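In C-alpha cells below, several structures.
In what comes next, subunit A is part of two complexes: it sits with subunit B in the first one and with subunit C in the second one.
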Partner chain A sequence: MIDTKTNITQTILDALTASGNKVGYMPDAKVVEAIRYVEENGIPNNKHEDYKYCNLEAVFRKDFKVIGNKFNSVANVDVHKLKNAHNIVVINGEYNESLSDKISGIKLSTLANAGSELKAHITKYANVNSDAMVALNTAFCSGGLFISISGIREKPIHIINVVSAKENAVINPRQLIILEKSAEVTLVESFVSENNSGKVFQNHLSEVVLNENSKLKSYRLQNEDENSHQVNTVQVDVSRYANYNTNTFTFNGALVRNNLNAVLSGDLCESHLNGLFISSGAKLIDNHTLVDHQKPNCESNELYKGIAKDKSTGIFNGKIYVRKDAQKTNAYQSSKNILLSEDATINTKPQLEIYADDVKCSHGTSTGKVDEAALFYLKSRGIGDENARKLLLQAFAQEVIDKIEIEELQEKVIKLFEKAL
Partner chain B sequence: MITIKNLHASIGDKEILKGINLTVKAGEVHAIMGPNGSGKSTLSGVLAGKEDYDVTEGEVTFNGKDFLELSPEDRAREGLFLAFQYPVEIPGVSNINFLKTALNEIRAYRGQEEISAKDFLALIKEKQKIVELDAKLTNRSVNEGFSGGEKKRNEIFQMAVLEPKLAILDETDSGLDIDALRIVANGVNKLKSKDNATIVITHYQRLLDYIVPDFVHILYNGKIVKSGGKELALELEAKGYDEIKKQFEETV
Partner chain C sequence: MANEILKEHIDNEYKFGFVTDIEADTAPKGLNEDIVRFISKKKNEPEWLLEYRLKAYRHWQTLTEPHWAHVTYPKPDFQDIIYYSAPKVKPTLESLDQVDPELLKTFEKLGISLEEQKRLTGVQSNIAVDAVFDSVSVKTTFRETLAEKGVIFCSFSEAVQEHPELIKKYMGMVVPHTDNFYAALNAAVFSDGSFCYIPKGVRCPMELSTYFRINASGTGQFERTLIVADEDSYVSYLEGCTAPARDENQLHAAVVEIVTHKNAEVKYSTVQNWYPGDKDGKGGVFNFVTKRGICLEDNSKISWTQVETGSAVTWKYPSVILKGDNSVGEFYSVAVTNNYQQADTGTKMIHIGKNTRSTIISKGISAGFSNNSYRGLVQIRKGAHNSRNFSQCDSLLMSDKCGAHTFPYIEIKDKSAIVEHEATTSKIGEDQIFYCKQRGIDTEKAIGLIVNGYCKEVLNKLPMEFAVEAQKLLAISLEGSVG
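Moving on to the complex of A and B:
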C-alpha cells in the first residue's frame, strides 16, 4: 500500500464525514470550500513552511488512521473549576449545559443556537483558505460555543474543555466570542483530559471579536495528558481602542500547536501576547503567533518563555506584519528559552515584515542553558542541585506568571509549573 | 579546621595552583595576600567546589572529611562559606527566599528542623543590623542592581545568617567606602568565635587594621611563598611585591 499524503488526508475526511453529526449552522458553501482546501493541501506536514517542525500528517498517520470517535462520559469536573469564576463546561467538544453555571446578562449558547449573530461573524475571521486545520474545523466542527459580552463583567468566565476518548478520536470544537462595544471581560480556558483510553486529536478553533473600545484579558491553560494532541487556533479581530491581552500556559499534552493570530484592524488598539511552556518527554509544544498591524498608532507586545526537557521540542515562531497604513506602530517581541537537556530542541524564528516607514519594532530571541555561575552561587550557599535549578527556572518563568491577575489561577499555574519541572 | 596539602589545580592545560600547603585551625584568622593573578580566587573557588577547575594533585581535609569528594552544596553544609570577589546577580530569585532555602537545606543536612517563618524573620532582622544592610535590599532579587559595595555587604549578611565554620572573604574590602569597610569588618569580628575561622584575601593593610590576622601568607604564582605574622602585611604595604617577585621569578 502506498502511504501518500492524499491517502491519510482522505482517510480522515472520509472518517469524519462518516461519523457525521452535521450541525447545520455552517453554510454549505463554506463546508464545500473547506473540504476542497483540505483535499488540495493535505493535512500539514513538514513540507509546509508553517509546519516545518510540527508534522501533523505524521501524527495522523501514526495514531488516527482508524478513528472510532467514541467517548467516555464525564460526570464531574469540579476539580478543574475556579472558585471565583463562572464555570462553563465543554466535554469532548460539546457544550454541557447541565454542568455549566448559569450566567445572567451574557449571551451563551451552542453555535447552532446562536441566532442571527452567527451569520454575521462565522468564518469571517478564520479564513478557510489559510490553513488546512482551519478548513478541517470549518468542515467538521461540533456544536460549538457562542459567547457574546456587553458591558463590564467583573467575574471571570472560565471555559473548561475536557476530553475523554474511549477510542481514538478527532474532534473539532469551535468557539465564537464577541465583545460588544466597550465590553470588558476576563476569559480563562482550561484544556484538560480525563481517563483517555484512546488517543484524541483536538482541532480547536476560536474566532474572537473585540469591538471598539472593548477589553479582553484571556488565559489559556493547556494541561492535557500524553494521549492528547491539540491544534489550537485563535483568530482575533481587534478594533479601534480595543485591548487584547492573552497568556498561554502549556505544561502537558503529547503535541500542542497554538496558532494565535491577532489582527489589529482598527487604529489606537493594542495586543499583548504572552506565553510560558515546559516541554518534556518526547512532547512537542509549538507556539506560532501572528500580529497583523493594519492601522496606525497601535501597540503590540509579545513575551514567550519556554523550557525544554528530555527529548522534547519547543518551537516559537512569531510573525509581525506592519502594513503600509500602519504608521506609528510600536511592536515588541521577545522569546527566551532554556534547554535542560542535550537531547531537547528549541526552534525560534521571529519574522518581521514591515511595509510602513514610521514604526518602532524590536525583537529578540535567546536560547541557553541554566546560568552556571548563578547555579554555583546558589549551591555554594548549601542549596542542592535540584532546588537550585528550581529556583532559577522559577525566576525565569516569573515574569510571565506575574501577569496572571487571578490569584487562584496563578496558584494553579505555579503548582503545574513546579510539577512539570 | 582545614588542612590543604600540596594542592595543584588547573584550568585546561594551564596550571594555576602549584602546590598549596595551608592549615587553618579553629579560632584563627589567616590573611592571604599576593599580586593580581597569583591564584587567590582560584584557591577559594577550588575550596568551594567550583567545577571549572581540575584538581590534579593534593588533598583538602575539612574537620576530618575529604573535602574534595564533596559537592559544592555539601561543602557549604559542612560549614564553608565563600564571600565572592564578584558576587553573581540572580534576577528573579528573591534574597529572602534564597537565604531561607539555603538555611533550611543546611539545617536539614545537620538533622535540624526547618526554621519557622517567624524565627527566620527575626534572624534576618538581627543579622541585617550587624552589617547595616538596608532592609529594602533583602527583599530584592539576589544582588540584582546592587552597587559594588552593597553586593559585598550582602555577602557578609549571608555569612551572618548561615553561620559558617570557615569563611573565606575574597577581597570583600574592594569597592567598600571607608565607613562600609569598618561596618563589614566589625560584622566579621562580631561573628568570630573560638569555634570558627576566617581566611581573608586582600590587597590592603587597611582591612587588616580592623580584622587582625594571626597569620599572613603571600601567594605568588600558585604557591604560598612566604608566611608570617601580622607584621608581614605591614612589610608588604611598605615594600610592595618587588622583592618577592625577584626572589621567586627564577623558579617560575
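Moving on to the complex of A and C:
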C-alpha cells in the first residue's frame, strides 16, 4: 500500500519537475520543504481526513500521470470582462499584461517582479506543512500575480483566469493580495476555460492580507468546463478592525475543491463567508472552510447553499476554531442543501472546535428535497410542476445571490444559475 | 468565592474509589494465544468459541490502534494487562448466602444491595441485576421470575453453556471481530458479560440491569453484552459501572450488541461512572467501547440513552443500523468532563430501510481542563426513501481552559431524505445566574438548576431510578466548577 502511495506521488512530482516551470522568487529552502512534505504525505486521498470525500490522488492517477503541459493561446477574453471594472487577465496561470487593463494607483505585477514586499509575505500565511496541495503549489508555482492596494478603490478589480490546455496539464497559479491599512476594495475572480482539448488540473493558491481597518469584498465565480479540475486555496489573514467578505459561486468544472481559510488574527475584526453551488453530471464540488478565531471580540458568519443533481456529489465541510484567547467570539455557520436526483450525494461536516468559554457559536445544516407543500401551493395557483420547482430553487438560492452588490455580476450569476438548473 | 468553591470540588473525591480485598483467580500478565486458550478453558467453552477467539486474536495482531479521535493518552501496553481476573467464588450459587460476604459488601457500597433485591422479590417494579465484578458475572437476580416469561437473562458464559445456539447465531452479527481494534481485542479475550433474550410477544416485566466493576489492579475489563429482542417484544436494559481509584490507567474495552426483530423495541440506558482520574489527571479508566444495535426487521426500535460522567478517556459511539423499513433509532446523551477528562463520544445512524427515522440529542458539558467532543455520523444509503434524521448537539463550557468540539459527518444518498443538524456552544449566561441569585438561589444551586434544565431532554428518557442517580452524579461531577 505504501509503495503505490509513494509511486503515484513520485510520478507526479517527477512529471511536474520535468514540465519545468522554475520561478526565481520562491526561496529554495521553501521549495525543498514543500517537496519533502508532499513526499511524506502523498497526494491527498480519501484516507486523509480533510479529503475524505474528495480523492485527488485518484484524479491524478487517472489523468495526470503524464503531463504534456501544452497550452492553446488565447487572444480574446472580452466576453468574460466586466464593463464596470478593471479587468486583469491571467492565461494558463500566467499574468497577461497586454490583455489586462492599465490601473493607476495600485501595485500590480507578477510575483517575480513584486520586489521587497514579496519577501515579507510569501509563504507566511499558507503553511507548506499544512496541506499537500499548498506544498505542491509552493514547489511548482507559476509566474503569479501580485496586487497591493491602498486607499479606497471605488471601481472593482476583476481577475479573469482563463485556462486552455492543448494536452493534459497541471498548473499552479499563485496570488498575493495585500490591502494596506484602511484600504477598501472589491475583487472579483472568474475562473473560465476556453477550448480545452486536454484535461487540466489547476492548483490555485491565494494569500490575502487584510491590514488594520481594511475592507475586502470578494467574489469568486467558478465556471470552467468538464475537462477542468480545480483546487482553490485561499488563505486570508484578517487584522484588527478589518472586514473580510467573500462569496463563492460554483456552477461548472469536473472537480472543484475550495479551501477557504480565514484567520482572524486581530481583535474586533469580522469575516463573512458565503457560497452557492450547483453540481450536475458526475461532478464533485467540495467547499472546505476554516474560520480560525485567534483574538477576542471577533465575529464570523457563514452561509453555504448547494444543489446536487444527476450523479453529482456536493460537499460542505466548515470548521470553526476558537482559540483560548478568543473570548467574546460570535461565530455562526449555516449550510443548506437540496438533492434533486436519486443518484446524487450530499456530504456535510460542520465542525466546531472551541477552547474559550465566553463564546456564542452555533452551526446548523439541513439536507432535503423541494418542499412538497410549497410546490403544491404554487401548482394549485396554475404554475406547472417544472416552473414551480424552478421558482422554489431560485428562491432557495436568492439569499446568497442577493449578497452580490455589483449589478452586472449579479445578472451574470443569475443567468449561470438558471442555465445550470 | 470562586476559588473556594473550586477547591471544595477538587477535594471532592471519587466516592466509589475503594478496593475490595477478595482473593482473585487471575491469569498472568500479557497476551498471547496461550492466554486466549487459558481464558477459553477457564470458561469451559466449546471448540467453536475458542476458534472464534483465536480468529479474532490473529486478526487483532494485524491491526493498529486508531488515532482519529480527538483525545490524547499514553498508549496502553497490551502486554502489561491482566486479561482475566475472577473472584474466587463457588462454582454454583443457589442462594445469596453462598456469595462471598466481602463481595456483598462491595455491592452494598455501590448501592445495589443484592440482599435487598432478594427481600423485595415479588414487587413488580423491581430490577433484575447481573453484577459483573472484574471480569466475571457474579450473580444474576430474579432469574426464576424472568424464566416464567421465557426471558433469558444470565451471564454470557452461562449462556454459552446453556444456549449455545443463540450465542452462535447472534454473536458478532452486529459487531464482527473484524470491526475495529478494540472490538477485535474484545472478541479474543472477552471474559464475561450479560446475555439477554426476549422471546416473541413478551414485554419484559422488569427492567434488566448490569453492574460492572473493575477491582483487581492492572486488569482490563473486556465484557460482552448481547441483547436479542424477538418479534413483538420489549425490554428496557440498564448498565452502570464503577472502578476503584488507582494511579495507573485501567483499560475497559467492551462490546455491546443489540438485535431487534420485527416490531421489537430495546431501550438501553447507561450511567457510566468509571473512575475519572484525580484532579491532576492521574489514573482513571480508558473506556474504549463498541456499542451497536441493528433494527434487523421492520418496525423495530433501538434507543440509546447515556449519561457519561466518568473515565479518563472515553471513546464510545453507540450506533444503530436501521435495516428494517419504518425502524427507529434514538440516541440521547449527556457527557460531562471535568479536570483532565477527555471524551470523544457520539453516535452513528445508518439508514438502509425505507421510512426509517432517527433522533440524536447530545448535550456536552466541559469543565476544568477537559475536552469534550461530539462525533457522529448520519448516513442515508441509497434506497432509504423518506428517511428522516434530526440531530441536535449542544455544548456548555464551564471554564476558560476546557474545550468543546463537534464533528458531525452527514452523508446523504437519497433525495427524499430530510436531514437536519444543529449545534450550539455557549457558557451559562450571566443573566441566567443573576436571575436565580436575585431570587435567593446561590450560585452553586443556580448552576445545578441550569445544568439540569439543560440536560432535561436526555434525563427524561432515563428510567426513574436511573434518572435520580444521574442527576446526583451530574451535581457531584460539576460541583464548584463555575464561580
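Following the convention adopted for this analysis, the second predicted complex is superposed on the first by the 418 of 421 C-alpha atoms of A that agree within 3 Å, B and C clash if a C-alpha of one lies under 4 Å from a C-alpha of the other, contacts with A are read in each partner's own complex, and residues count from 1 in each chain.
Please note the rule applied: a residue touches a chain if its C-beta (ideal position, glycine included) is under 8 Å from a C-beta of that chain, and two chains touch if they have at least 3 such contacts.
This one's a predicted model, so the numbers in the text were calculated from it and none came from an experiment.
K.L.:
For A:C361, using the defined touch cut-off, is the partner it touches subunit B, subunit C, both, or neither? Pick first, second, both or neither.
P.N.:
A:C361 sits against subunit C, while subunit B stays out of touch.
K.L.:
Now for A:N76: first (subunit B), second (subunit C), both, or neither, which partner does it touch?
P.N.:
neither
K.L.:
Check the contacts made with subunit A and report whether subunit B or subunit C touches more of its residues.
P.N.:
C
K.L.:
Go through the superposed model and pick first if A:L340 touches only subunit B, second if only subunit C, both, or neither.
P.N.:
In the superposed model, A:L340 contacts subunit C only, not subunit B.
K.L.:
In the superposed arrangement, does A:F376 touch subunit B (first), subunit C (second), both or neither?
P.N.:
Touch status of A:F376: first partner only.
K.L.:
Between subunit B and subunit C, whom does A:E49 touch in the aligned arrangement: first, second, both, or neither?
P.N.:
Only subunit C; A:E49 stays clear of subunit B.
K.L.:
Based on the superposed arrangement, let me know which partner A:N129 touches: subunit B (first), subunit C (second), both, or neither?
P.N.:
A:N129: touches no partner chain.
K.L.:
Residues of subunit A that sit at the subunit B interface in one complex and at the subunit C interface in the other, please.
P.N.:
none
K.L.:
Along subunit B, where are the residues that touch subunit A in the complex?
P.N.:
Subunit B reaches subunit A through residues 48-51, 71-73, 75-77, 81-82, 84, 87-88, 90-93, 97-99, 101-103, 105-106, 109, 141-142, 158, 162.
K.L.:
Write out the stretch or stretches of subunit A touching subunit B in their complex.
P.N.:
Against subunit B, subunit A makes touches at 371, 373-374, 376-385, 387-388, 391-392, 394-396, 398-399.
K.L.:
In their complex, what parts of subunit A are in touch with subunit C?
P.N.:
49, 324, 327, 337, 339-369
K.L.:
List the residues on subunit C that touch subunit A in their complex, please.
P.N.:
Counting only subunit C, the residues touching subunit A are 68, 382, 395, 397-427.
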